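A, B and C label the chains in the order they appear, each numbered from 1.
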C-alpha cells in the first residue's frame, strides 16, 4: 500500500540512513540512485574528520545493510522521471537505465573488465584514474555488479563471451517502472564548484593543481595510485603542499556567497594525514577564517599546529603561476599579517572548492514541484522549525542537497533520520 | 649503533584486561587518534572488570607475564553499576598474594580509563611498559 | 567444547593500507595456517565489503567451518556485520570472534612494522585459542514497551516528544523547571530570521499541552533509572514525592547551559556594564538600554577555545615587536575555560550586533574575534552585519584583553590587533562577552544513572561520533539537542527528530533480540551461599531450595557473579573461564 511505502532519491549516506530507519520501522523503501552504486561522496573519501576513521570502513556496513534488508529495494543506475499525486499517494515513474548486465547473475569477478579493450577516465576517481567501458565503480560497490557504459562501448562483445555467469546482456532496454508511494525523500547531495571559473588560479591548465576531492582519491588506498600521494605531472612525492580555502565560497562573483561549512575541517584533516604519512612534506593552509567548529575540532586544529607542524597563513591568494619546467606552482598572496604581497612556490596545490547544488537538482525540483532557494538548494518549508520538509507536503529532503547546514557526515545522518521521523509522522496519521 | 643495544634489551610481555564499555573503547580511541605506544601489551576484552577472576591474574604470572594491567570504568561509572568496585577489592588481595609468591606487587596495576580517554590509555601503556622494563623479567621465569 | 572438532576459518583484513601498510598480512595468514584447529586462512583487502563477506560465507560452506575469526578492526563497529554473514551461512553467530589488529595494533604501531606484525600474529593466536572454546548460543527476545521518556522540556525535548506522540506513542515529558521552554525562554531573537523566540516557543508549548499522548511533568526530575531497553523502570521526583513509571525508550534532551564567567574575568561581576551575550539578549528584550551607547565591544571565545598555548605564529611581525609580543603572550596568565569551539557564538554575537545597530544606528559596534565562525548561508548574515557598519577586528587571542573603568563609568578595552601587532585602547560603554554553551552539572548525574559515558569535552557521548550521532552505547537511550554538544535551533530540532526516529524503531517493532550473554548456574556445584544474589546489581539471581538460579531476562552479562562464586558454580556464557584462560595462555606462550 502507498501509505507504507517510501521513495528515496539519492543513495549517499543520508539517503542510506533514511532508508535503514524506515525499513526497520516496517516501511517498504525504494532507494533510487543515478549512478551504478550507492555510497555517494562518503565512498570517495579516504578518512573522515576528526576521528580519522577510514570512510569506506564505516560506510560499508550501512551499504550492505541496505542491500540485504528485506524492506529495501535498490534501484541503481535509475532516475526519477515523473511525479504525480500528493502526500500519501504519489505516483512516480522511474527510468531504469540499462546496465547491460543482469545484476542477479553478475558475481563481480571482473573478467569482463580484464578483457574490455576500451579505457576511459573514471568518474569515481574524479577522472584521475581509468576504468574500462564495462566496470564496477569501486571495489565495495553495492550492488556488486558490473555496468556497461554504452556511450563508450564499442560493442565488440568480448565481455559477453568471457562472462562465465552469463550475466552480460547487450540487448537490455531501458525500462520504466511505476511506483506508488506515500512519501518522497530527496538526498541527492552536491557537486563541486568548477574552479576553472577562476582563471587566475589556472585549474585545468596546471597539472599539479587539484581539487580536494581529487586529493581524497589520491590518498585513498582503493584510488588510482593505491593511496600513494604523488604529483600528477611526474609521479614524484610532493614536498611542499598548499591548500587554498574558499575557492568559490563566500564569493559574490559567482553567487556562492555562503560558506560551505566543511572545507576548513577537511583540509586540516588532509593536512594531518599528509604530514603523518610523509613527515618530510610541509603543508600550508591559506585561509580567511578557520572554521573549525564542531565536536572535537578545535582540539584537532591545535594538534595540527603543535604536533604536526601544519602552517596556517591568513590570506586569500590572488594568482597561481606555473613554472613550465618543474611544473611547480607559485602562489601570489597578500600576507595580511605582514601587510606585504608575497609569492611562495609549492609542488602541489589543492583547491578547496565551494560545494554547490548538483547540475540536475533544478530539474528534479521541477519534477517534484519543489522550490529551490536562491543558491539552487532545495528550500526548506521553514528554516528554523521545519528544516527537513521541502515546500511540497509529503516530500522531504536531507543531506547537502538542502544546503550546507553543518555539512558534515553526522549532520547528514541526523537529517536522514529526521526525514524518516517526518515520514512516519505524516504517514501514520494518513 | 642502537641496534646491538636493542637486541640485548629486555622486552616485557604485558597482559592487559580491558572492559568493553570503557577501557577497551578508550584503547580503540587511542588507535583512532593514532597515539603511538610500545608493542608489548596484549589486550583481552571482558565485558566488565568485575569479570576478572583472581585466577586469571595468577595464571598469567604463572605462565610468564612480566606485568598485568587491569583497566575498567572510573568509580561510579561502571556500566554494570559496581563491577569495578568488586575488582578493586580483589586487587588488594591479589597484590598481597603476589608478594607471597615472590612476585613484585608492582607488576600488577589497576587503572580506570573511560571511553573518551584515548590519550590517557596510550600514556598508561608507555608508562607501564617502561616501569616493567626497569623491573626486569618475571622472577618465576628464571626459577 | 562441542561434539565436533573445531574447524576454524581465519580471515585477515588489509583494510586497504590501514592494516596492510603496517602489518605484513600475508605473513600472518601463513602463520595462522600453522595454528591448531585452523582449517582455512585467507586475506582480504576489505573483509567488510560484499566480496569479503561472500568469501566468508563460501568458506563456511565449502570448508565446513564451524568457527570464524576475522582479524581486522575493532569488534565495536563491525561485529554485527560479520555475525550476520555467519548467520546467513547457517553458522550460529556466537561461534564468531574478532581479532583487533587495527585500532589496537596497526594504528598505534605505525612506525614499528616488524613488532606490529609479531603482535598481530599473537593477537590472531589468542583469538584462535578463544574460538576453540566458543559455543553456540540462542538470543533471548525482549519486549519493548511502546512508551517513551523525554528528559528535558526545551525545544529539543518538546520536538522529540511531539514527533513520537504524532506517531502514536505515549510520551512522558519531564522538565525540572516549573515551565517548559529551556534556554529559549531567556533568548530574545533567533538568527538568521530575527524571529522572536516566543514565535517558535509558544506554538510548540501549545502543541505539547494539546497533545493527548504527551504527559508533561514540570518541576520534576529523574531520580533513578533501573532496568534495560524496552523495560526501564524510572523513578520521578516532584516536591519530595516519588513516582515510578515503566518505559520502553529514553531520549535525553537536558540541553546545555551558558557559561557564566567567574567574577573578575574580563571584570565580569565587577563592572556592571560587562555582560554576557545572554544577558544582553535580556537587556534588549526588556528595553533596559535607554540611552544610545556610544560604543559596544563584543569579545568572542570568552571561556572557549582555551586549549594550551602550544604554538603561536608570529611570522610577518617586525622583529622588535615579535619579541615583545611573545614575551607578553608567554607571561599572560592562562585564561581558564573549555578547549572546544561552541559553534554558535559567532552568529549569536552578530545577531545581537545587528539588533543593537537597528535600535541605535549611531552606536559603534566592534567585535573582537580570533576566527569568525559563521557557516552555511549564515555567511550572508555576516555580510549584512558588515554592511551595517559592524566592525570585526581580529585580535591576538592569546593575550586576554584588559578591561579598565574610568571614573565617569566609561570602560576601556585594551587588546592587540592581530594584523599589525599594535596595542589598541578602545573606550566603550558596554563590553559583551560571548561565552560558550557548556555541559550542565546535572549531566554527570544523568550520565551515571543511564550509564552513558561523557566525552572529553564534558558533553554526553554518542555511540559513534560520525555514524551514530544520536544513539548512545546503551540500547534504547538516545540523545537530542545540546546535551551532546552545542547546537542552534534548527540543528537541535533535526537531532531531536532523529532521536525520535531511532527510538520509534524499537517501539514500533515491539520486540528486540538481545545478546545471549547470561550467567548459568551449575546446581550440583552450588552450595546456596547467596553471594551471587547479594552482589548482582540487576537482581538476576535468586535462591530457591538452597540453590541459585538466573533470570536470563534480567542478566546483563557482566560476569561478576562468575568471578565471585566461591565454588566456580557459575558460568558466564561467551566469556567463560576456559575461554579467557585460553586467551591468557595463548598471549604468553605459543600454546593454543
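As a working rule, a residue touches a chain if its C-beta (ideal position, glycine included) is under 8 Å from a C-beta of that chain, and two chains touch if they have at least 3 such contacts.
The structure displayed is predicted, hence computed values, not measured ones.
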item	value
Pair joined by more contacting C-beta pairs (A-B or B-C)	B-C
Chain located farthest away, centre of chain B as origin (C-alpha)	A
Chain centre separation (chain A, chain C; CA means) in Å	26
CA centroid of chain A to CA centroid of chain B, Å	43
Centre-to-centre distance between chain C and chain B (centres being mean Cα positions), rounded to whole Å	26
Touching two or more other chains - residue numbers and ranges from chain C	110, 455-456
Contacts with 2+ other chains: residues of chain B	32, 34
Residues of chain A touching at least two other chains	51, 53, 276
Chain C contact footprint on chain A (complex, rising order)	21, 24-26, 48, 51, 53-54, 56-58, 60-62, 64-65, 67-68, 108, 139-142, 144, 220-222, 226-227, 249-250, 257-261, 276, 289-299, 302, 305-306, 311-312, 335-340, 373, 375, 383-385, 387-388, 403-407, 409-411, 413-418, 420-422, 424-425, 428-429
Residues on chain C engaged by chain B in the complex (per definition of touch)	74-76, 100, 102-104, 107-112, 115-116, 118-119, 122-123, 126, 447-448, 451, 453-456, 461, 473, 517, 535, 537-538, 556-560, 562-564, 572, 575, 577, 580-581, 583-585, 587-589
Residues of chain B touching chain C in the complex	13, 15, 20-22, 24-25, 27-28, 30-32, 34-37, 39, 42-48, 50-56, 59-60, 63-65, 76-77, 79-83, 86, 90, 114-117, 122
Touching residues on chain A, where the partner in the complex is chain B	51-53, 276
Partner chain A, residues of chain C touching it in the complex	15-18, 20-21, 45-46, 48-51, 53-54, 73, 77-78, 80-81, 84, 110, 163, 166-168, 190, 192-193, 195, 200, 204, 305, 307-308, 310-311, 313, 315-317, 339-343, 371-380, 383, 418-420, 455-457, 459, 462, 464-470, 484-485, 489-491, 493-495, 497-502, 504-505, 508-509
